[in-house]
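Each of the two complexes below includes chain A, the first together with chain B, the second together with chain C.
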Partner chain A sequence: MFRSATRSSSYSLLHSRAPLPRRLWRAKWLYLALLVPVTLLLLFEWLPAFSALYNSLYIWNGGKVHIYVGLEHYERLLSDRTFRVALSNLVGFVIFRVVMQTVLPFFAAEMIINLRSARWSYWWKIIFVFPMVVPTILNYLIWRFIYNPQVGLLNEGLELLGLDAYTHAWLGDPLTAMWALSFVRFPWLPTLQFLIILGGLQTIPHEVHESASIDGAGFWRRLFYIDIPMTRRQITLAMILTMLFMTQRFDLFLVMTDGGPGYSTMVPALQLFQSAFSFLEFGYASAIGVVLFVGMLALTVINLRVSSGAAAG
Partner chain B sequence: MRKRLRYSLGNRDLPFQAVLVCFGFVTFFPLVLVVITSLKSNTQFYHNFWLPELPFQLGNYSSAFRIIWRYIVNSVLYSGTTICLIAAIASVAGYVFARFRFPFKTVIFLAFITLIMVPGVLTLAPRFVLVRDLGMVNTPMALISVWVSGGLVLSTWLMRSYFESLPQELFDAAYVDGAAEWQVFTYVSVPLARPMIATVAMTTLIGTWNDLIWPLVTITDKSKMPLAQGLMQFSSAYETDWGTLFAGYVISSIPLLCVFAVAMRQFISGLTSGAVKA
Partner chain C sequence: MFKRLLFVLLLVLVFGAFTGLAQDEVTIFATVGAYYPDEPTDNNPDPPRMMNEIVAEYEAMNPGVNIELIDTPDNISGDQWRSTVFNGQNEPHIIVNNYIRVWQEQGNDWYVPLNNYIEMPNPYIPEGTPGHERWADAIPDVVWNTTFHTGSGNQYVVTVNAVAVGFYYNIDMLEANGIDAEFDISYSLWQDWATMIDEMGAVAEAGYEPLAMSMSTATPYTYNWFDGTSLTSFYIDHIESWWEPGASWHALNQREFACAIQNGLISANDDAFADWLQLLADFEPMWVDGYATMTWDEAYRLFITGEVPFLLGNAASQTLNVTRDADFNWGISYFPPITETSSPHAANNDSAYLVGGFTAGFTMTDRARREGIEDQVIDFFMYMTAQPQWGRVVTDSPRSIPTQFGLDVPDALKPTVAFLELPIRALKDPDPRLSRRYGEDHRRLMQEYFTGQIDLETLIAEEDRLMTREARVVIAENEWTCDFQME
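For the complex of A and B:
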């Protein structure tokens, strides 16, 4: 009846000439099939998204208190010192993580594709993807143990090396707390980014590498003139993904330090969470969410522009 | 000359292998230490931080398991239900988007795809209010409904592109043989889409298994908590009992380890096949 697959053009031409009500009626089963997902998305995704936009203009405790204040929350954000600190913390953190989570996976992937032994390169892939089985929360808990001032792995290691003078309450000192958090999960590769970059490196045709080595290009030349330029798209994607993840995920901060000591590890998303669920300022929290959303959107667009511009030029 | 010599010795891989071994060592060292510590009593731990020590305290595992098992069961149920629902709904929706032309198709598809740009942190607070007003707080429904709708966005997109990549001849052959549309879907399309369904299931599993924030705001009852949230409880309850604590950590990694052992080959080849392009 509606075997009008996109590619069989004769059918679809016939259909598009029919009047709209008739076409709607013909597609009734299709709409029925889409009813469940569309309802779910409208209810649990679109409604909260618009609710956030709308309620950022209100003082709202999530319940009956609901007072229109216009753009007051946004003005408050401009002068909110906590938010300013949180934002600058986030910028540093995201830059650090984007570099780390692009360089490390690229480095590992580069090593792996350089191996001649197919069996070994397969096993190394498995080995580096393995940490994925450890639940994220466990990462944080294990790193809390690593930074533990009394019996932590890091301090014990320093003592073992005779560097007792450098032992430290890593998470308790406002000067080191943010650095400590930036290194959480350190040598473990971000699975998705690693596989994306690896996939990019693997699609470089073998002949390109061969002709480069015939021309006498060593490892480093090949790296900078072939591998990095040819995987630019994957690298950009990995960077955007890291940026988006790191901007909106705050479970790390919540579990490890809860923003402290002081506000030294506060980030906007955590401030949003606290405004909403500790202080019941749902309106203010929504305003923070809107600012984050706009910022992430802008950064993604800029990032895509820059990388596609570089590709064209 | 030198190059030929290195090839003939077959150890051209050596420098790369060496780097990789160092890298692998640093990767696994904390995990190994966690396993070692999980077999110690507190006295053994304070006495000897680095090395394993006899006797192994297997009792740590049984006392940790008594607490952790419930969280694991909960997580398996919640994530399992979510995966089944997403796989079913996303295959149907992806199939409809890929194979048919109908009025407002673009608009409806945009309603799916634009959501990729909407961050979860923006919708967190209003979504909580919504779920609370629907009376779903502290029920598994709060988790499953939101996980399903959140996961549908990407999954539908993936399924759609997969179904679009299947050759038209395949469907024509089924139609010629007199198959109805639902038969083409169940007996031809879904079996062919199994690799993509596996990818969808895997990403959903990892996403829901690791979600901490959403359970934290919606689930208060200890007996209903999923693993991530439960582990947080567990870690504050056993803060100084290192052996039991780490035994619990090891136990809670086992479920994903099993999945990893079974499905890893497909997962890696699926994602590295160059299918993911910027």
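For the complex of A and C:
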């Protein structure tokens, strides 16, 4: 009762035909309430973002040295071998993780939707959501131990199975290091993406599935002709979020390998961190940040366009 | 009535203000490195405690002065920690520092020159003990000469400790495999580098990974020690001609090394440089699997559990831990000399070089100046480092060899004192040699070479590009000239 009254009051305020100033005045508390989060956003999100753009045009050591150099940092990025390698590492890593972190949560959500027992469905949801409470850093340290060449679980397991020949310094070999990092958090069931897709699947009306069953559609036909098309927006959102999270991720690389051996696990976000805090090149770090931001924005727009185009088609 | 009330109110305000001024307190923040009085844990059951007593005594003598000891995080490098706290203007007033780092960072105006302060008497040093009349006299000249920054003419660090690094070795394990583990101070565990490689090769053939060490770029110091000390052996004959005029024996500073590159006195295209790279490449198979991303703690665990017979570590601070944890007979050696047996370009010097030396001291930061409390900070600085106090700190937890006159070397560290007699290596770790960017890229290039991602030719070309670029950048950034170097 209360909820519907509130909704109708806000709705009438914003959509009445009164002149704009009057409407604004009437909704003043609404706007005042919004002012606080908007100000905080401007201060702590937008201002640093735009200051990165500004700082990328300067040599800045984080202290007194602040010299205008125009686009020099962007030119340097073009010829920076580390950045090239980091970008190529990132592309492979992001593609792998986007695929895994979309497909596997989707199947996990499908499994839960298809469970007949509400109790089991509930417990499975708990199981999938539980990893969210495990601190990320702890997770990385566990994986570091798993990959330890001398006493790690992976090599010990291989030895137990008589597969000694396959034991390896997983993080210490440039051929396996990036794969090893890609497998961190296996089986790739991130809670947020899982919940988004599950939410999408739950909005599909029962009648649609029932009609499909009556028409003789099996699991795979239902999956490809009903579930995937009807959760396209959720899948797109999960993919975009994964792409954004993975592109910005540097803690994984910092804790597990620090970008090594050589540059084999270097990614732009880690290079940004090192440029700023190891080499005091805040201007160059800002330029890397700006390029990453533009890249992520472009990919997000493309992703949205493609998915909305496909949905319209 | 109203006037009376107003008068009383004013009186209260004025009294309150004066009381507030009188009670104005000063808080001095300080890092004390390995002497931070931690809480005991399973891994560290007997942490140092003495700094708590020192602080309590000082606070009791100086009401209104609070001393806050700060622990530095161990999950980021010291460089990253310093750049974060200094840029946030949140740095402690006193921090533990290595003079080479201070040389690199002095251009940021982070540290207060101590030239005038070390000329003052230190009232906390007892009469008759060196340093009472003039603080600088508490520490031998050789230490001051080592840490003096010729570029600015300033002394930034009071170096109270000396350290040395070395190879810990498991005597039981070596003897079980028929390897002589007799250490002789005149020639280390091995007569030269080639013998070391041969003996470690024998250990490898017996089925063990020989040497636990870390080349993780996050904690690269272990690898850096090989890097600097072995490079010194290849260029030692030329070093003196690279020094700034009038300088006494010292490790090359950034300017001298950058100018040597710019003036063509050292190049990655030298035959000696290629030989040096090859020497390290021949040594690399002796390192444990996964060294490229291994942390020092992981390397330590391998040694202490008897999985590997050798460990490269800090022969001072780690000795306590090895004494506590090892259930086997062990010893410490230092780097063997690199003679002509190892390379025709080696300097054929019978001596190895000391890694470490007078590297652990205290600096006063610009925060003391910003807050106008330099006098209070220097007073605590003098108190903490004066022999009566510092002697107790080092005795309580022997983690390094005290440099001040009148202090005894703790028993546990006596075996490593002989290491300090070795000549100091002239070429330091890659980062202080030139720049952090160089150090980072150099290590990554070496890792690429060691793991077969690039060949020697590419490595030399990339090193040449890197050295030339970084030398040019640091010379330009600091507006240095290089006309002082004449071969």
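Throughout what follows, the second predicted complex is superposed on the first by the 268 of 313 C-alpha atoms of A that agree within 3 Å, B and C clash if a C-alpha of one lies under 4 Å from a C-alpha of the other, contacts with A are read in each partner's own complex, and residues count from 1 in each chain.
The working rule: a contact is a pair of C-beta atoms (placed from the backbone, for glycine too) under 8 Å apart; a residue touches a chain by one contact, two chains touch by 3 or more.
For clarity, every value in this text was computed on a predicted model and none was experimentally measured.
Student: Figure out whether A:Pro149 sits in contact with chain B (first) or chain C (second), or with both, or with neither.
Tutor: second
Student: Figure out whether A:Asn55 sits in contact with chain B (first) or chain C (second), or with both, or with neither.
Tutor: first
Student: State whether A:Leu71 touches chain B only (first), chain C only (second), both chains, or neither.
Tutor: A:Leu71: touches no partner chain.
Student: Answer with first, second, both or neither: which of chain B and chain C does A:Val99 touch in the superposed model?
Tutor: In the superposition, A:Val99 contacts neither chain B nor chain C.
Student: Which partner does A:Leu171 reach: the first (chain B), the second (chain C), both, or neither?
Tutor: Only chain C; A:Leu171 stays clear of chain B.
Student: Counting only touches as set out at the top, which of chain B and chain C does A:Leu163 meet: first, second, both, neither?
Tutor: Neither partner.
Student: More residues of chain A are touched by which partner: chain B or chain C?
Tutor: B
Student: Between chain B (first) and chain C (second), which, if any, makes contact with A:Gly262: first, second, both or neither?
Tutor: Once the two structures are laid over each other on A, A:Gly262 reaches chain C alone.
Student: Report for A:Gln274: first if it touches chain B alone, second if chain C alone, otherwise both or neither.
Tutor: A:Gln274: touches chain C, not chain B.
Student: Classify the contacts of A:Ala298 with the two partner chains as first (chain B alone), second (chain C alone), both, or neither.
Tutor: Neither: A:Ala298 stays clear of chain B and chain C.
Student: Just to be sure I follow: which residues of chain A are touched by chain B in one complex and then by chain C in the other one?
Tutor: 62, 151, 254, 277
Student: Which of the residues in chain B end up touching chain A in this complex?
Tutor: 12-13, 16-17, 19-20, 23-24, 26-28, 30-31, 33-34, 45-46, 49-50, 89-90, 92-93, 96, 98-103, 108, 111-112, 115, 117-130, 132, 145-146, 148-150, 152-153, 156, 164, 168, 171, 175, 181, 206, 209-210, 212-213, 217, 227-228, 231-232, 235, 242, 249, 252-253, 256-257, 259-260, 264, 267-268, 271-278
Student: Help me check something: in the complex, which residues belonging to chain A touch chain B?
Tutor: Checking each residue of chain A against chain B gives 1-8, 12, 15-16, 20, 23-24, 26-27, 30-31, 33-34, 36-38, 40-49, 51-52, 55, 62, 108, 111-112, 114-117, 120, 124-138, 141-142, 145-146, 151, 153, 156, 160, 187-189, 192, 195-196, 198-200, 202-203, 233-234, 236-237, 244, 247-248, 250-251, 254-255, 269, 272-273, 276-277, 282, 285-286, 289-290, 292-293, 296-297, 300, 307.
Student: Show me the residue ranges of chain C that touch chain A in the complex, using the header's touch definition.
Tutor: Going through chain C, the ones touching chain A are 76-77, 79-80, 83-84, 86-87, 108-109, 209, 216-218, 288-294, 298, 301-302, 307, 435-437, 440-441, 444-445, 447-448, 450-451, 453.
Student: Residues of chain A touching chain C in their complex?
Tutor: Residues 61-64, 82, 148-151, 169-174, 177, 254, 256-264, 274, 277-281.
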